[in-house]
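Labels run A, B, C and D following the written order; every chain starts at residue 1.
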Amino acid sequence: MSHNTFGHLFRVTTFGESHGPAIGCVVDGCPPLIPLEEGDIQAFLEKRRPGTSRFTTQRQEADQVKILSGVFHDEKTKRQVTTGTPIALLIENTDQRAKDYDAIKDTYRPGHADFTYDLKYGIRDHRGGGRSSARETAMRVAAGAIARKIIAPVRIRGALVQMGPHSIDRANWDWDAVVKNPFFCPDAKAAAFFETYLDSIRKAGSSTGAVIEIVAENVPPGWGAPIYGKLDAELASAVMSINAVKGVEIGDGFAAAELSGEANADEIRRGNDGAPKFLSNHAGGILGGISTGQPIVARFAVKPTSSILTPRRTIDRFGAETEIVTKGRHDPCVGIRAVPVGEAMVACVLADQFLRHRAQAGESAKWPFAPHL
Amino acid sequence: MSHNTFGHLFRVTTFGESHGPAIGCVVDGCPPLIPLEEGDIQAFLEKRRPGTSRFTTQRQEADQVKILSGVFHDEKTKRQVTTGTPIALLIENTDQRAKDYDAIKDTYRPGHADFTYDLKYGIRDHRGGGRSSARETAMRVAAGAIARKIIAPVRIRGALVQMGPHSIDRANWDWDAVVKNPFFCPDAKAAAFFETYLDSIRKAGSSTGAVIEIVAENVPPGWGAPIYGKLDAELASAVMSINAVKGVEIGDGFAAAELSGEANADEIRRGNDGAPKFLSNHAGGILGGISTGQPIVARFAVKPTSSILTPRRTIDRFGAETEIVTKGRHDPCVGIRAVPVGEAMVACVLADQFLRHRAQAGESAKWPFAPHL
Amino acid sequence: MSHNTFGHLFRVTTFGESHGPAIGCVVDGCPPLIPLEEGDIQAFLEKRRPGTSRFTTQRQEADQVKILSGVFHDEKTKRQVTTGTPIALLIENTDQRAKDYDAIKDTYRPGHADFTYDLKYGIRDHRGGGRSSARETAMRVAAGAIARKIIAPVRIRGALVQMGPHSIDRANWDWDAVVKNPFFCPDAKAAAFFETYLDSIRKAGSSTGAVIEIVAENVPPGWGAPIYGKLDAELASAVMSINAVKGVEIGDGFAAAELSGEANADEIRRGNDGAPKFLSNHAGGILGGISTGQPIVARFAVKPTSSILTPRRTIDRFGAETEIVTKGRHDPCVGIRAVPVGEAMVACVLADQFLRHRAQAGESAKWPFAPHL
Amino acid sequence: MSHNTFGHLFRVTTFGESHGPAIGCVVDGCPPLIPLEEGDIQAFLEKRRPGTSRFTTQRQEADQVKILSGVFHDEKTKRQVTTGTPIALLIENTDQRAKDYDAIKDTYRPGHADFTYDLKYGIRDHRGGGRSSARETAMRVAAGAIARKIIAPVRIRGALVQMGPHSIDRANWDWDAVVKNPFFCPDAKAAAFFETYLDSIRKAGSSTGAVIEIVAENVPPGWGAPIYGKLDAELASAVMSINAVKGVEIGDGFAAAELSGEANADEIRRGNDGAPKFLSNHAGGILGGISTGQPIVARFAVKPTSSILTPRRTIDRFGAETEIVTKGRHDPCVGIRAVPVGEAMVACVLADQFLRHRAQAGESAKWPFAPHL
């Protein structure tokens, strides 16, 4: 990972500012002959798109993606497929209100990248956060849609499991519920509560944090690479690179620190199909940085949006003390839209690790994975 | 980061197995003319060295580091300095008891990389965990000692803040206490308790987890790089790549998810020296992936050692069900020795980001940092 | 370098096919606060643009570049400047005649990437060579225009020094002549001859090769990095990656193999300004992979265009033997337009090495370079 | 490629100075289960070892390689095999005569990296050239020995085809002759002449250049990657990174510039086995940066050794004018020992490209390559 590119063999480079003419990305290293249409990507963008409920920013962006390169008509299958060359994607920015940001042009929002961009570069595009805007995450979702196709048997799903101090009841977990509420919440009862809760926060001009969980199923054992290319290390980096994320866990995460060695051990039996069968999954599907074949479980904490209506003390770029209030169109809980983004980052990391594993381990990496047992 | 190398400009490549002839690393990209002797590195290795108390593995390794390249006598300063060429470090393995591991040669320890290495590669060096051994972390500490010299004004310190379910009392925090107990614990009272607590675990042949906190002071604003080279993303990856780590937090971390936008905002005033002064540090010194100038605070969770005396159900490499008990010399709380390792990883990430910032931002990156305010 | 990205700190990623909707690139790692307008880039694109004389392809492309991101208005200087974030550039393809290529849809041009793309990927975009088209080099020129601004005191110029078997007379070398003929030829007399020569080749539907020389002046000593980041190694890679290039030389190049050690030695004296003064430049400005301060001289050979009117024996993608004639709009000497492309690649490599040197060597790398002598 | 590492998936990092305690390398990314013993590597080191004839430096180094990591006993095959973890190799320096270099401690040899290392870093290890010594190439040869095993069906051979101004007669080419003379010359008659020729140069304390040709057979089509990961671009970089190399060619190289499109076209017919059969190989086995299946042919020019007995004018590190004569033990034609080094670099590039191709193209990359025709 480096600056605006992530991944080693499945490489994604993003560009664009919140209020520039467009945002986009280049996906390099994609295997050839994979069916790919704009619709495949658009479906995932819809999940992240702003303005779909009153609980996200009211910016109205169609987020219509265009594929500029890297695909061609395949005569054999009569479908549009990838060619192995770089896939460039573009989304034009249409609903820009740069004027909204004039008031904060010279002032730093506490808890926002305003301050650090200016100190690092000596200049920043203040309109909508410029490059630091969550708008950039649309391209992550787009790249993730391609990544999913490379590792098609893998199923990656995300859910909001905590909003502010309120956790869901895991006993109520129902993946089908996730698509039925505007929070991607797997606990229908909690979702009903979140509706009231977030309304009050929204009306107060405040904001709140959230915790998101991503689960990847059907990942074969053997993906990931010791020592510094560990699957969990790369998941941590990928997820921590999402705007506003402040913590990442794999499996039991911080709770594992409280366990004894006995309690933490995921014991193994022989399954009916002869394959190893784990009796628990404290490890979150990863041991020594390599996938075990169990579901991969990653969790991350999203801080509350820093753009709020309550005045906060700050300084301006000339060093003078002042106060700031952020009007404009902001997410009261930016964690909600982080769900599809988190899924996408996990998909990208897994696609990259799949290719890396196939490179080094070759035949043994063929799909489906045939362990040597 | 990739496989056995981490860093972009300050690059560390490690090699070696627990019971091979030696472990070592190559540090590439170090600036020239930095004074460096073996003693500078040895001092940090002593902190991590096994066998220094009854609370760590009883393996007796001198961990004597040799510098094989990259240094030369400087006529001007009459000191040995770096030359800008790769610095190779070597530590010979001396206290090997490969026989100890014969019993688990064909069997997988639940919660251990035994299983995944074998499934990935079709072969593993079972002696002491081979490449997956925590022994590899000695080279991280060695590289970290060099990294510290590059960013000398930065002060990086670590502490154990939780053992098993028992947290320290932060009101008792005293950095001086850290070196006075075998746990790197900043709360002397908690340390006394940990002694009894860990003794009971050790005697039972069990193990426990821990939480470690690393604080880096005097980091100037501007280090780090959006979007995928974020300072926090790279810290997360670096720390998660340490053996047995299952979670990482920056600043308030998971607790930030519970906060309102008002509570989470680190308000800014003008300090007496004219520089920005933050009234709190929920952000842990990083905004938008770039350092703010405040102390950088990272925390990570270490799971309990998987090598325990209590029998656990598992399978062998032929697929047969069996039980396993791990004798040999193991850390009852591997989190303790993770403290110097965590410090080293933070040092390496910061040195790398310093060089990257200096490359892109040039003059504005001169030390000490002169903000344009 | 890797697939569709080159450079380490000054990183260029290109995308797009000859007959897709657009070509483009993302330039990452550019320092902030560098004045940059579309016109700065357009000026260099004009030099490479097709259809400017009867000696290049008659495809009519405006090659109008758009900057999509990475720049902003600087209040202090009242100019548009770089912000340190990725600069995306886009050129729409307008003069496409995909139909021209239907005849060769299933057949491989001898000496062309048609064959290898198909065998590698199992698919290729046959329209105008798809990704393998020289059209991609427009983005190299665009990136090179940005690179030049980063290392502004460095002057990079290219010239055609041989066409087919005919070399120029170096005694006639005049940089001013280069812009006065359609061949970028520094020998006005040779240029006059090339006009007649290439006309005959063009009318015969044939093609010819060329040799190009690039000279970079004012490069300070110290750029480049042993052992595998050598300046000459990276120049070789950058230049060899240009379509149709089959050979690269630095300084005396292959002629150096014929010299004795005495003849090859560039002796050094003390100049009037106290700085080292070389008495010759057989080395082409590079020793041990690092710049000496002398002009950097690189030369490369371009093979003749493979698309010609004379029938050639080949096979089709079904394995059947056939003949091929390439109609359409092709350069009779693709080496001509390789001149601005070669300049651009040298500029990109130098900008990247400048940033890398500044990262590692810091203060000593300040501009202008102050040797420690 | 970057500083002291080269390769992307098959990655080689070297370290060590001519007169330090040892030189070594770390080979990362090697597939597991490949039989590997020290003897496999030693065999290639013998070809490059100094002091084997009067035509190379008289330094006496055993160049005995030790494998420090990355291999283990495989129970199934009863052989030592790679484990997929990093393979560290070490060669101790034994015949050091640091005193020999005291005379040039403060003076720069014209045509040598002495000057540029000092200006870049402000310090250099003057003993035997330090890091810039050709001694580093021993580790390239060692890494190349491992690379060859990964792509075992590929046959890579090198030959000296020109010494000073004297080319061999290609009509006499006999690969068997190469091992029968101290010059790796495939023309026995030329070799006899070179013996007399080089003796006179050696006795005069002078030196001469050479041209080396490397041929790789049995490379399947499809290796290499457009646009910046082209096989020829990476070969150019790899070969140009060898000490003293000043030019690189693929296939016809610079001679291709003289050809017409008709003459340069490698026409294709259907072979008796149904596979494509080329009627010539002007391209040197590479089109569009991707292998065609024909032999890959690379050629490179080596300048004469800069360490000679004839006095040359130079300056010292304090800026004073002086003369220099280099005594000590030097190769009169460093191009000779560049033959095994060139072979090794080609092997490393091919192994890396094989893994990269396998990653992206998967099943279609299985060995032997099954084209879709």
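The definition used in the following text is that a residue touches a chain if its C-beta (ideal position, glycine included) is under 8 Å from a C-beta of that chain, and two chains touch if they have at least 3 such contacts.
Given the structure is predicted, the values throughout are model-derived calculations rather than measurements.
Relative to the C-alpha centre of chain B, the farthest chain centre belongs to C. The two sequence copies chain A and chain C touch through a face in which the numbers common to both exceed half of the numbers used overall. With centres set at the average Cα position, the gap from chain B to chain C is 44 Å.
Computed from the mean C-alpha positions, the centre of chain B lies at a distance of 38 Å from the centre of chain D.
If you average the Cα atoms of chain A and of chain B, the two centres end up 26 Å apart. Residues of chain A in contact with at least two other chains: 2-5, 14, 29, 32, 84-85, 120-122, 131, 226, 361.
The residues of chain B lying in touch with chain A in their complex are 1-6, 8, 14, 108-113, 115-117, 119-122, 131-132, 136, 162, 164-165, 201, 206-211, 221-230, 232-241, 243, 245-270, 274, 276, 279, 282-284, 286-293, 301-308, 310, 312-315, 317-321, 335, 357, 361, 364, 371-373. Chain contact summary for the complex, chain C toward chain A: residues 2-5, 11, 13-17, 20-24, 26, 28-29, 32-33, 66, 68-70, 72, 74, 81, 83-88, 120-125, 130-131. Within the complex formed with chain C, the residues of chain B that make contact are 9, 29-32, 84-85, 226, 355-356, 358-363, 366.
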